[in-house]
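Here is the structure we will look at, set down as structure tokens.
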Amino acid sequence: MADGRELTHVTADGSAHMVDVTDKAVTRRVASAQAVLHTRADVIALLVAGELPKGEPLAVARVAGIMAAKQTSALIPLCHPLPISGVTVEFTVDESSVRIVTTVKTTGVTGVEMEALTAASVSALTLYDMIKAVDRGARITDIEVLSKSGGASGDWSRS
Amino acid sequence: MADGRELTHVTADGSAHMVDVTDKAVTRRVASAQAVLHTRADVIALLVAGELPKGEPLAVARVAGIMAAKQTSALIPLCHPLPISGVTVEFTVDESSVRIVTTVKTTGVTGVEMEALTAASVSALTLYDMIKAVDRGARITDIEVLSKSGGASGDWSRS
Amino acid sequence: MADGRELTHVTADGSAHMVDVTDKAVTRRVASAQAVLHTRADVIALLVAGELPKGEPLAVARVAGIMAAKQTSALIPLCHPLPISGVTVEFTVDESSVRIVTTVKTTGVTGVEMEALTAASVSALTLYDMIKAVDRGARITDIEVLSKSGGASGDWSRS
Amino acid sequence: MADGRELTHVTADGSAHMVDVTDKAVTRRVASAQAVLHTRADVIALLVAGELPKGEPLAVARVAGIMAAKQTSALIPLCHPLPISGVTVEFTVDESSVRIVTTVKTTGVTGVEMEALTAASVSALTLYDMIKAVDRGARITDIEVLSKSGGASGDWSRS
Amino acid sequence: MADGRELTHVTADGSAHMVDVTDKAVTRRVASAQAVLHTRADVIALLVAGELPKGEPLAVARVAGIMAAKQTSALIPLCHPLPISGVTVEFTVDESSVRIVTTVKTTGVTGVEMEALTAASVSALTLYDMIKAVDRGARITDIEVLSKSGGASGDWSRS
Amino acid sequence: MADGRELTHVTADGSAHMVDVTDKAVTRRVASAQAVLHTRADVIALLVAGELPKGEPLAVARVAGIMAAKQTSALIPLCHPLPISGVTVEFTVDESSVRIVTTVKTTGVTGVEMEALTAASVSALTLYDMIKAVDRGARITDIEVLSKSGGASGDWSRS
């Protein structure tokens, strides 16, 4: 394998399990992730117009992302439950897209990449739910980890 | 607006609510959606090798997608609960990517696009969780509805 | 008993059960409920100031109430699951209080009073969570059903 | 502001987030809260009569409150998940009311006021659910924190 | 196969899916199931003594069973969500065992055997949780469907 | 009582509560449990045949067991939430039965027996769900703790 690491969720006989992290150190960990919703410029105009006085479309998607971060270990089968200590969900609205960037923190034995990705994904799905009546063809792309810090594998940023 | 429809999740004053679908007809509805996980060819080789004897990586992601479809209305704030009557999650493994296609059925008053999208997204996130030890930089793209049928708005396919 | 009806959640021997509603008619049902959060005038001023540009405090509480309505049968042990077809959560901000009024709709065999009450309660608890740093002594009162319609017991309004 | 503290769930631009508590000290924390259900004397008589042989109405409400305490961070959007280490739910039955007092303990970085309030609220809603067939007009009041201890803000009791 | 029926949760290629029940008839359905907890006579004596004044051990297990019935489709991956219309959980306390019998009703397209079994299992696990401090070696046996009625496959009773 | 220990989930007046474990030591804890599904030899033949190429029936039950372990404190009313640090679910397929053995690990203040039992039970229920179309009469037995280690009560194995 390119980097010498193994697929740690798979046992010798290939059956899935939640890997034993009992002996991993408890450290402060942070992860950021993103998702991008692509729609039409006229839909963005509606979102922005609706947002300025009331902020609701983005507010609903922000709450959905934060709450989803807390449900990550219930959604992703082999993910460990973690005591999340902070979540932010931020939006950058462009001409025909919305970029969602999430940051999740914990003090625990595993990283929070999955929590950050889940928050970004559910936030994007929520935005889609709110615009699908006017743009069923909207698409979500570029769901990815942007950076992480803490833990044995050290810091990492998408280059 | 391009197609004359309104953002139905937003009230006159812009506050969010779960729209009243009490008067909508109960019909059979189907929706398909997809997500694509992009990784490296050597990771796909591992996935495939791990899959041949036990089928576990895809099996775990398939179960995660099916279970997530049932949690859609708990994850997406303004989504109506629906009696889902069938879910499939299928994978197409390519040289350096996995394409996930989901199909969800119901007999109800609203469509199941969100359920199909949620199943695809969580299935993709689960695959990411299982490969992130060897490819943290993997990316999920092209989350979108492929087709839908049933309901007042009629049938639709991504062209 | 004043109105000749029985405590239907209790069996002859007093043990709890989820009452059998198999034979009840499926009808359209609506229920409204409220809760009132009492705080200080200076806290309301903060809420309002924070609300005007971004609408966040009330937006978060609104989303929390809508999502809680969908979790009612998971929270209240003897409550039947219901296909909720609409939810609104509205706020009236007064000098030193916020009044929350919820309306829930369904087409089903039981009423939605519990869903409306749960939405109002969780929305009020969420507002408390957002102001407790400045007013730990805030209090929630007057959680009650305002009106209901549909079902064998007919329409009812608090007089 | 009266006491010099800020609304910590709101960012500079007013958007909601789960505040970062990574650097807060892990300490033992306790919080007590209450809720009061007001009904008619004849309904209390039924509750008490039903309670003496089987204890079910209060037993169901007690279990509901304990289980709700554990769901607090899933219900209140900006609430941190906490490892709850103890919960009690006690009832004082008066002539025409039931007072519910909850106590929640943890060893963690944030207080458990929300858990105690959520337990009291859901316990009261459960009692309402069990008596609503004979008193739809019952009302829940006085949901409030009674006392807290532990954490940087120190001990506090409602005076 | 002995009775000519197929394993309907498995597709032609062996991958799991939630089977399509869109075309099945909506009928009234009932299922009963059981579980038996075996412990020591002195533990049963404690349970009974504790039960007589307050009914709590069995009351907690009863509530747990009812609530678990409502979570069945979230726990069993390929199980369809169903609008449960009634649940009872009854106990028969013997010299050194407790027999739990559950009955679940619905008006829907699939049977409620899994709901009845899940209620019985979780009720038994809850009893174990309450006695494990005095009998860690207690054992749960005989989890099985007792009878079912409704649906295309007709009525069935364990002979 | 035989071994001098008390039923710690019951208070002096017999009312249920989540016992206070605030002062218990945080230690590494492991528990193993089992469940056995009894069916017919021809059903086992189908399971095995279906399993060899795709591994799906056992894979689905394995995932269900792992995910259920994480939901234990939401299912068992008086169970404490715990940061699970590892879960395995293993199957031994015999002529007419499947034995499920689960192992759960944590670093926490209470043991993980309930998590191991819940994982075994839900895994067995999932297998039943997948074979019930061909053997409605299948039965689950021998749900029990096999061993535990860690905590004040020390190590224990079923003799």
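Quick notes
By written order: A, B, C, D, E and F. Residues from 1 in each chain.
By our rule, contacts are C-beta pairs under 8 Å (C-beta built on N, C-alpha and C of every residue); 3 or more make two chains touch, one makes a residue touch a chain.
All values reported here derive from a predicted model rather than from experimental measurement.
In this structure, the chain pairs B-C and D-E differ in their number of contacting C-beta pairs, and the larger number is found at B-C. At the interface between chain A and chain D, two copies of one sequence, fewer than half of the residue numbers in use are shared by both copies. Residue-numbered contact pairs of B-F overlap by over half with those of D-E, the repeat interface among D-E, C-E or B-E. Chain A and chain C have Cα centroids separated by 31 Å.
The distance from the centre of chain C to the centre of chain F, each centre being the mean of the chain's C-alpha atoms, comes to 37 Å. Averaged C-alpha coordinates give centres for chain A and chain B that are 16 Å from one another. For chain B, residues touching at least two other chains, in rising order: 14-16, 53-56, 59-60, 63-64, 67, 71, 77-78, 83.
Contacts between chains, counted with the stated touch criterion, involve the pairs A-B, A-C, A-D, A-F, B-C, B-E, B-F, C-D, C-E, D-E, D-F, E-F.
Put simply, chain C touches chain B in their complex at residues 28, 55, 58-59, 62-63, 66-67, 69-71, 83-90, 105-107.
Across the complex, chain A is touched by residues 11, 14-22, 73-74, 77-78, 80-83, 108-109 of chain D. Within the complex formed with chain C, the residues of chain D that make contact are 1-3, 5-10, 13-16, 40, 42, 46, 50, 53-54, 56-57, 59-60, 63-64, 67-68, 71, 75-79, 113-114, 117-118, 121-122, 124-126, 128-134, 136-145, 148, 156, 158.
Interface residues of chain E, counted against chain D in their complex, comprise 53-56, 59-60, 63-64, 67.
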